Structures are given as structure tokens and as C-alpha cells.
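Note that subunit A is present in both complexes that follow, paired respectively with subunit B and with subunit C.
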Partner chain A sequence: METIVFSLLNGIIYGLLLFMLSSGLTLIFSMMGILNFAHASFYMLGAYFAYSIGSVTGFWVALFLAPVLVGVAGAAVERFGLRRLHAEGHVAELLFTFGLAYIIEEIVKIVWGKIAVPYKVPAALDFPLFELFGSQYPAYRIFMLVVSLAMLFALWYLLKRTRIGLIIQAALTHPNMVAHLGHNVQRIFMLVFAAGCALAGLAGVIGGNYLVTEPSMAFTIGPIVFVVVVVGGMGSLEGAFIASLLIGIMQTFAISVDATFSDLFGWLGLSASSELGGISIPSLAPTLPYLLLVLMLMFRPRGLMGAREF
Partner chain B sequence: MAIYKTVKLTVVGLVLMVCFLINNTVESSAADRIEMAYIDPLSGTFGNAGDSSLKHYQYAASLINKAGGIGGKMVEIVPFDNKANPKDSLIQLQKAIDRGMRIIIQGLGSSVASALTGGIKKYNKRNPGKEVLFVNYAAVDPALTNKRCNFWHFRFDSHVDMKMAAITDWLKTQKDIKSVYILSQDYSFGKAVSAATVRMIKEKRPDIQIVGNEFHPIGKVKDFTPYVQKMMNAKADAIITGNWGSDMTLLIKAASQAGQKSPYLTLYGGGLGAPTAMGRSAVGLVKQVTEFHENLDASDEQKKKIDDFEKKYGTDYYWERIFTSMGMLSKAMEKAGTENIIGIAKALEGMEYETPYGKVYMRAEDHQLIQPQFISTYSDGVERDVENTGFGFKTDLRIPAEASALPTSCKMRRPS
Partner chain C sequence: MNQQGTVLDTVSDLGPSRRAKFTRRVLPFIIMAVLLIVIPMLGPSRTALSLLNAIGINIVFALSFNILLGQTGLLSFGHAVYFGLGGYTAMHAMNWIEYADGGFWGSYPMFALPLVGFAGGAFAGALIGWPSCRRAGIPFSMISLGIAELVAATGLIFVSFFGGEEGITGDRMNGVEMFGLNLGQVHQVYWFIAFWTFVGTVAMYAFTRTPLGRLTQAVRDNPQRVEFVGYDPQQVRYLAFIASGGFAGLAGGMSAVNYEIFTPEALSLAPSGLVILMAYIGGIRYFAGPILGAILLTYMQTNLSDFSEAWLLYLGLLFIAMVLFAPGGLAGVVIDVTNRLGKPGAVQQFVKGLVAVATGMIAFFGVVILIEIAVRLTNGHGEVFQPFGIGLPSTSLMSWAIGVCLVAIGVFGLKFTTKQVGER
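What follows is the complex of A and B.
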């Protein structure tokens, strides 16, 4: 029982963090057709900005300021980089973001050093919130949950209930029509790109101290974010949401299961002493998202909720 | 046309001359100092561990230089970043050899040490007269001085079986502990920790139940909460872990956040960020087996050395064995000459050395340093704290050098 409760709770929090990252990526993709390889780098920038700003102003100011700064950086990248490349086609854009990811990592190494920075959970949130089955639950995790849910609601409200959301949705599918109606589609693109980056930045701010803030953090989480987007269906926010939670919960559950291949497939005659039978499920946890990716591409290439096939 | 040809020849000649000159200056400047290659992670997940040990080596070199160097030559530690990756390490090894370095220092990661010791053995076989020496200060997979031992490798830390023997000896006296949970990193070192623990517990405390024997991917887990949750569900009386670097820090961070109250028997719980992550909740719970901690009795001279180091680098003094390795190496180099690698290796074999914490010796059979070990507990009210936490380590048990020696299966071939 306690295993299920804790795994669910931890899985949901990790899943929501993944969603915060992948929502921006999937929005940008569906709107501009750009698979932004540097997306996780904006997540990293968010964490480092929050660390630097936070050491001067405290965590709470950084929580708002860092995502805004990351958004501005994102807008600049779109305005001065991607927009110029748009005419060159998707390959050029892809290569551009690919290179950008490396440049950002190198810049981070130069500015903040090659090893992890001591970006810590703020003291006001560094206490056990409640006790469950004899184990304490840190308040910061619940705070992450609250921030994620607030972000989720704000995003939903913006896209589905406001005029801006209407225009963005229209620009997703019929950019020419929207332009003819007198809207500046280019600017909408820039804003969406900036907003996507800011969301990644926010994920960095609250994820950087929950996990570790180091130059390799972008490349650690980047592939998983892509898995989320592909499994959820390219360009589908709902799909990304479901996929994020699925992967988050799956990974935490896999660790808490105490079984080996021989326990699962013993009925096939797999013995516990054999090489294959001795593989334990927890040791497979890090590969599970990729297994899901492969299976999804094999059997349902458009993803859970995606409209298009790739 | 003729003029053109002359000009061309002159240019080529000049370039060659310049090359020769540059080459010459490099050679001559290398001759009056000894460059030692330090190959360990200086970036990435384990970058902080490498950063700390590099500072210790640089400090040890500066102390030797202040006392006049080795045979009048100044020592310089040249860092190479291997990203804790065996493949990168072999490339860095080649780079170091190409730059004329003959002493290779490495410690973080038994998988890396295993690749290096194999690479060095091969290189030395193919390049007689240009041999290089491997100084291993921390890679503790027992195989390195048993099955995979060779003449060029010297280990200055007690290996896993020796450390585990100390922990299980201590367990013999702890009748309250009825079950243990083992968590290890999923690579050669972690496998060695797990195997040694299971084997020795069966021997010394057959009544103890092993309720978990888990492996996690090395350097990849950023949130250990699910693992900690699992241990708490298993209701183990004690946790045994060989985790080091950020794997130790993050594990103990998750444990203290979850309010876990089991004792942790660790190999590396005493430094490199782990104490910072523990705080008050870990007092009395985290134990380590090491060759050193700051609250061991020592001379004023040694205490001043520790203070000087901490003042200079702003980080904890943690690796006493680094000074042991440099001290013994310089003694061997004084004796055999700084270029004579075979002579240095032979001088190291069986060498006895007085450290600030007791006598140690390099066993000739397998090139394993035999040194006293200490089991200590993270405690309140200590003279010297770790990482400015206000808490520090207190000795529970001293295992004399002789008692920690274990038999070896090493059969090495020595150059005649």
C-alpha cells in the first residue's frame, strides 16, 4: 500500500515536471514545425539563472524573474536565429537548435564552472510537510506539485478560454488565414517560442534544486522530453500531459517493484540463475521510457493523441 | 622560377628550424621538472570528487617542491579530464604519454582503473625503456590487486574486501542489527561491494538477514527517493552502501528528507558533499570506514597541514592517502632516479612508510598498501567538523594495518 501511494506521488511530481518541459516543446513543434533540440538547454538556463538571481534576491524573486529571463533569451533566439533560417527549411533549423544546445552548455560551463552548483531548496520550504506510513514527505515536493498544477491551469485557460489562445490555435493550423485576418503571425510565433522557453525555464527553477544543477542536466533530461513528445503525439498538449505522467509513474514504480525477469516469465521456463532471468526490473527503470518510445513508433507512430504521422 | 624555388626551400627550412627549436625548448624545460598525469573526472557528475582530489595532489606536490622537489626537480601535477569514462581515459593516457609523462595518477572509478591498468600493461610491454607507472589512490575493486594485478600498478587505498571485512567485524559486535539492505552502483566496484558483503555476512553473522541487494545505474539517478522508500518498506536495521561522489550525496539527501532512521554503513559517507546533505538528522547514523578522518589524533604539524590546506583551497581535507602516495613515490624516486620506472617500482615494493596516523607498507606480492583503517560515526560535539556542518566524525574502532591485510591471488610477472 505505502509503496503504491509513494510511487504515485513521486511519479506524478516527476511527470508534471516533465510536462512543464514538454508542453513548450510540443507547442513550438506544432506551431513552427521546429523540433527544438535546445529545449532542455533552456531548462538548464532556468536552473542556473534561478541559482544566480536567488543568491542575490532570494528564491521567491528568482522563481518569477528566471523564467522571464529565459523567455527573453528564447525570444531572441527565435527573432535573430530561427526566423532568418526559416526560408532554408527544416534541416537548417534542426541543425541550428542542435548547435545551440552545445553552445549553451559550453557557455554554462564557462560562466558557472564544470561541476554542480550548490542550488538549494529555500529554507522556508525545507521541512517535512507530513508523515505517511512512517516516512516524511518534504514540503518542497508538494510546492512543486502546486506550481506545476498552477502552470497547467494557466496554460489551459490561456489556450482555451482567451482570445490570444484562439489566435494561437488558429495560427497552429491555418497560419496564412490568420495572417490575412490582420494578425502578425511572426510575432505570435516569437511569443509562443518565448513562452515555451519560459516554461522550460520554470521547470529548471523548481527542478534544479530538486534534482541537481550541473552542465550535463540538459543532456540528461533532453532525450526523455523527446520521448514524451513522441509518445504523446507530436504537437498534442493533451498527449504530452498523459505521456509525462505515464513515464513519471512508470519510472518510479519500476524501481519499487522487487522482481526479476524470471519472476515475470518463469512460466516460460526462464530460470532465476540464467543471465536473462537474473535481470531485475528496477535496473531496467532508466531504459523503460525508450522501450515505450520504440513500441509506440512500431505500433502507433502518431503517438497517443497525435494527429499526424511521422 | 629559380627564385621561386629558392624562396620555397628557405621557407621550408625556416619552418623546420622553428619546429626543431620549439621541440628542443619543450624537452629542456621538461628535464628540470617532473610532470605527473592526473587522469580523473573534472567535469560532469563526478567532477566535484575529481576537483577535490586534484587539489590534494596539487597541495602534496607544492609541499614536496617547497622542500626542494624530488632529486632537485620540481613536481607538477598535470590534470586530464576523463569524464569518469574508461574510453576517454585511454585517450587521455595516450595524450599524457605523448607529452612525456611517466607517472599516471587515477582513482575515481574501478572501471576506469581497470581500463588504465590494462592499457598501461600493454604499453609497457611494447615500449621497453619508456615504461609508465600507475598510481591508484582510490579505485578499490579487489580484482586490481588480485586477478588483474600487474607490476606497474600500485594501490594506495584498502580495497573493497578489506573495507568490508572491517565493517562486518564491527557488525559482529552489533547484536541489535538483524537485517541489512545493500545498495550499490551498477558496475564492477558496486558488484564487488555487494558480493563481499553477502559473503562476509554469511561467514561472520549468519543470523543477519539480507533484505535487499539492489543496484542502481552509476551517476544517472538524480532522485533516490524511490530507493529510500523501498529500503524503508523492507524495514532493514542497517543500510550498507559503497556509493561515492554525487551518488552518495543524493542518496543521503533523499534519506534525510524522508526521515529515514536506519544506520548507514558507508565507504564514502564522510566527504565530497555527503555531510552537507546529511545535516543534523544523520548524527549517530552515518558511519564510514576510511584510512583517515579529521578527528584522529595527530601531531600539531599534521593539524597545521590540514588547516593550511583548508585555508588555501576552501574545501575539506579528505584524502590522507594522497599524501601517502606522493610521499612514498618521492622516496622511491629519490632512491632509483626520477626516470627509472622499473627502479621506482622495485623501490616501492615492500616499502615501509610512516604516515601521521601509523606505519603503512606496500605489499610486494600484489602492490596493495596495507594501512590502519578506522570506523567512525558522524557525531555531535567534535573538535573538527566536516564541510562546516558543525558535525564531524568520531572513531569507533581502529583496525591495525596487519589485521586488515587479506591474502591475495596475485601472480605478477616482474621485469628481470
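What follows is the complex of A and C.
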């Protein structure tokens, strides 16, 4: 019972973090057809910016300033890089963002060093909030939960209840019509790209000190975010939400299960001493998202909630 | 009847002449063979030879990748999977040869080990390819990424095949000798690598000339139309995928013999990324492009990393610059320049081009200065960057100003000159 509750809680928090990353990616992807390979690099930039700004001004200023800076960087990337490549097709854009991910990682290594920086949880939130089954639960994780849910609500409100959201939704499916109505679609694209990057930056700010802030963090989480987008379905924020939670919970549960293949499939005659039987479930946890991705693309290519195959 | 004959005659005249066929399809390979034979006569050092061996492996690997990206239009993020699986198969075969008691492996020459790698890579391609090749474009790239992560993770789980983190090792000086080579010394390995590089390159070029090779290009450009004509694009992609996996496995087999060790790192995302850079920087639209890219990047990898900590950053910048400004890669630039040389006003254009290159170099120097002083500022070794004996201390504002100024002059100049070249 204890493990289940804790895994569920941690899984939801991890899943919400994934959603914060993937929501921006999904929006950008469905709007411009660009699968931004460097999206997780903006997440990393968010964490590092927050570390640097936070060491001067404290965490709370960084919480607002770092995502804005990341958003500005994203807008610049769209304006001066991706826009030039739009006519070349999606593969060229994918290659561009792939190269960008390399460059951002190297720049981070030069500016902040090759090892992890001591980006810590702010002292104001560094205390156990409540006690459950005799173990303490850190307040910062609940803070992450609150920030993620606030972001989720804000995004939902912006997209579904405001005029801006209406135009963005229209530009998703009918960019030419929106342009004919007098909206600057290129600028909408740039703003969505910037907003998506800023969301990734925010995820970096609150996730960097929860996980670890190091130059390889982008390449660790980046592919998982792709998995979320593909599993959730093209252009579907609801799908991305479900997929994020699914993967978050699945991974935390797999880590906490203390079993091997032989325990699970012993009734098939798999012995614990054989190589296959000796594989433990926690060691498989990192591969689960990719397994899900491959299965999904093979059997249901439009994803959980996607309206069309992509 | 007579009229039909003349129509056919004119049609056949449209094809390349025998001479053009020879200079375009045969001569480059003769030059390549001559180069491969002449190089060891120049007496290269052991380091140079091992660099050449690494280049040969990467040439085959990058060319095999280009069967997918350049020819079929499939961007794979996990091509090292086939390189690695082929290499692992070859590595196991190497050990089977060593401990063989007669039988098939007892009479199998070590020299032909890359063929085992080819079989391994093609088999992996045949297994993984079918679900991957259903769609081109982004879904294909995503599946390749997922599979690459999966295989890289299994590489650490299944110790009996992949050997855990230490990998598996072997000894190449076993089995039947071929061409009198026992593969002991590095110059003997050179002949082995040169042979298989040549064979691989010719075979892959021959593949592009087959009807299947032609169809892959059609599938890249217009899959709907291919389907309309009566071919199944998925099948064409699948066959190209198997061929590409096979040649990647061939490169893996060459690597197994050259290094005598294979670790799960060979399957990971890093070499998969590097092969994308190699093929693209060289030029994916031309057959010879990946060869240029493989030579340049392997050279950079071994030599530039001694000069600068930030060599990967330079590589990334080069790649981005290529994607943005020269999608044809190095090969495209070379062909563009040679095409323009014969045209009227070539001298004028050439001068303008030189000016553009010069201003580009100014910007490049500025970038180098900025990167290098930044590296020295943060790595804490306290060195001073000294290009041409001029000391540029990282802490002085002057060095930063010089760097920024050079970049500004270069970028501004480049904008001005490229405008003129474009206007002609």
C-alpha cells in the first residue's frame, strides 16, 4: 500500500513535468509540422538560467525570469533559423533542430562546466510537508504539483477560452484561412514556438533541482518527450496529458517493483538463474517508454487521441 | 516504321555518351583504387595508417546511411544499431574462428569477416525494418529513435551477447590467411580495410544503378506516384533498409577486425548522431558526398580534439551552417564551383566568391576567438589563448571586443558580398 501511494504520487509529479515539456512540443509540432529535436535543450537552458539567476536574485525571481529568457531564445531560433528552412521540408527542419541540440549542449558545457551544477531546492520549500505511512514527503514535490496544475489550467484557459486561443487553434488546422482573415500567421508561429520553449524552460526551472542539472539532462529526457507526443497523438494536448501521466506512473512503478522475469514468468518454466529470468523489472524501466512507442507506432499510428495519422 | 526508327535513335542520343559514362561511372573508381594503392607507398606513419583505417570504416558506414537518407529520403536516428549488430556478429564469428575445430568456421578466412557483419546487419535490418518502413518522414525517424534507445538499453542487459559494459574482444590473427595477410601489423590491416572500403563503395554505387536503387529515389520524391505505377513503396523502402543495414554491418565487421573489440557504446545514439553529421556535411544529394564527410569528420575527430575542447561545438556549427546555407554539403559546394568555372564571367564570379570566402573567414576567426577564450575562462586551467603568438587573455575585455568586432565585420561583409554574387 505504502509503495503504491508513493509511486502514484511521484509518478503523477513526473508525468506532469513530462506534460509541461510535451505540451509545447505538441503545439509546435501540430502547428508547424516541426518535431523540435532541441526542445529538451530548452528545458536544460531553463534549469541553468534558473541556477544562474537564482544565485543572484533568489529562486522566486528566477522562476519567472528564466522561462521568459528561454522563450526569447526560442523566438530567435524560430525567426532566424527555422523560418528560413520552411520551404526545404520537414527533414531539413528536423536536422536543423538536431544540430541545435548539439550546439546548446556544447555551449552549456563551456559556460557552466561539464559536471552537474549545485542547483538546489529553495530553502523556503526544503522541508517535509506531511508524513505518510511513517515516511516524510518533501514539500517541494507538492510545489511542483501545484505549479504544473496551475500551468495546465492556464494553458487550457488560454487555448479554449480566449480569443488568442481561438486564433491559435484555427491556425493549427487552417493557416491559410487565418492569414486571409488578416492575422500574421508567421508571427503566431513564432509566438507559439516561443511559448512552447518557455514552457520547457519552466519545466527546467522546477525540474532541474528535483532531478539533476547537468549537460546531459537534455539527451536523457528528450527522447522520452518524443515518446509522449507520439503516444498521445499528433496535435492532441489531451492525448499528451494522458500519455505523460501514463509514462510517468509506469516508469516510477517499474522502478519500485522488486521482481525479476523469473518471478513473473516462473510458471512458464523460466528459472531465476537463466539470463532472461535474471533480468529485474527496475532495470527495464528506462526501456518501457520506447517499447510503448514502437508498439504504438506499429499498431495504432495515430496515437491515443490523435485525430489523424502523422 | 522508318519514322519510328528515327524517334528511337534520337531517344538513345539523349542518354550519356560512352565517354561520359566512362568518366562519370568508371573513372572515379579507378582513381579511388589507385589512391588506395599509392597511399602506403608514401610511407605513412602508424598513426596515419590507423587514421586511414578509421576513415575507411566510416566511409562505408556513412555511405550505407546515405542509402537511407539521401536515396530513399528516410532520416534514421539509429543507424548505429545495424553497424553495432553487424559488428557484434562479426566479433562472435572472430571468436568462433579462433576456437574452431575444423568445420565451417575452421576454414573461414578472417579476411572475409565483414561478410559476416553484412549478414548480421542485413538480418537486423530485415527484422526491424518492416514495421519501421510503413511510413516515411517523421514517423520513420521516431521509430528509429525508439528502436535505437531500446537496442542500446538491451545492449547492457543481455550480457551473453553484448558482453556488458566491457564489451567482447577477440584476436584477428587466426583462421585461414587470404592474400598472404595475417592481419598482424597495422599496414596489413590497411590492405584489409582498403579492400573492403573499395568493395563496399563499388557495391553501393552498383546498388544505386539497379532498378531497385532507381525506385528508391522515386519513392523518396513521390511515393504516391510509385504506388500508382504499381510498386509498393513500403516494400521498396524495406528492401533499401535491408541493404543499408547490411552495408552498415559490413562497416561493423571492418571495425571488429580493426579494433578487435566491440562495446555496447557502438550501438548508442552518439555514433548514430555522428553518422548523420558525416553524411550531411559531406552532401547527401551526391554519391561521393558521404565519403568527403567521413574523411573530414574522422580527421576532425582524431586531430581537432587535441587542439580544442570545444571541437564538438565547431562540428555542430558547421552542421547548422550546412543545413542553412549549403544543403548540398561539401560535395554540392565543389560541384557548384566547378560548374560556374566554365561559364562566361567566371573570373569575376570567382573573385567575388573569394571575397565572400575571405569575409566568411573573418567571421569564423571571430567565432573561434570567442569560443576559445570562453573555454579558457571557465575550464579553470588558467591558460591564455594565443593565436599566431598574440596573447588574448580571457579576463580582459579587449579580447572579447576583438572577437565580437571580427564577427560583426565578417557577418556584415558576408551579407554585402553574397548579395552581389546573387545578383551577378
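Quick note on the criterion: the second predicted complex is superposed on the first by the 309 of 310 C-alpha atoms of A that agree within 3 Å, B and C clash if a C-alpha of one lies under 4 Å from a C-alpha of the other, contacts with A are read in each partner's own complex, and residues count from 1 in each chain.
We take it that contacts are C-beta pairs under 8 Å (C-beta built on N, C-alpha and C of every residue); 3 or more make two chains touch, one makes a residue touch a chain.
Quantities reported herein were computed from a predicted structural model and do not represent experimental measurements.
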Between subunit B and subunit C, positioned on subunit A by superposition, is the outcome a clash or a fit?
-> fit
Check whether A:102 is in contact with subunit B, with subunit C, with both or with neither, and answer first, second, both or neither.
-> second
Applying the touch criterion given at the start, work out whether A:286 contacts subunit B, subunit C, both or neither, answering first, second, both or neither.
-> both
Does the superposition put A:60 against subunit B (first), subunit C (second), both, or neither?
-> neither
Where does A:256 make contact in the superposed view: on subunit B (first), on subunit C (second), on both, or on neither?
-> first
Which holds for A:110: it touches subunit B only (first), subunit C only (second), both, or neither?
-> second
Winner by number of subunit A residues touched, once subunit B and subunit C are compared = C
Subunit B and subunit C, minimum CA distance [Å, superposed model] | 5
Where on subunit A do the contacts with subunit B and the contacts with subunit C coincide?
-> 283, 286
In the complex formed with subunit A, which residues of subunit B make contact?
-> 42-45, 47-48, 51, 186, 212, 214-217, 220, 222-223, 225-227, 229-230, 232-233, 246, 250, 257-260, 276
Contact footprint of subunit B on subunit A as seen in their complex = 2-3, 6-7, 10, 14, 109, 114-116, 118, 128, 131, 134-138, 210-212, 214-216, 220, 252, 255-256, 258, 280, 282-283, 286
So in the complex, which bits of subunit A are touching subunit C?
-> 33, 35, 81, 84-85, 88, 90-92, 94-96, 98-100, 102-103, 106-107, 110-113, 219, 223, 226-227, 230, 275, 279, 283-284, 286-287, 290-291, 293-294, 297-298, 301, 309-310
Over in the complex, which subunit C residues touch subunit A? Could you list them?
-> 73, 75, 131, 134-135, 137-139, 141-143, 145-147, 149-150, 153-154, 157-160, 269, 273, 276-277, 280, 309-310, 312-313, 315-317, 319-320, 323-324, 327, 371, 374-375, 378-379
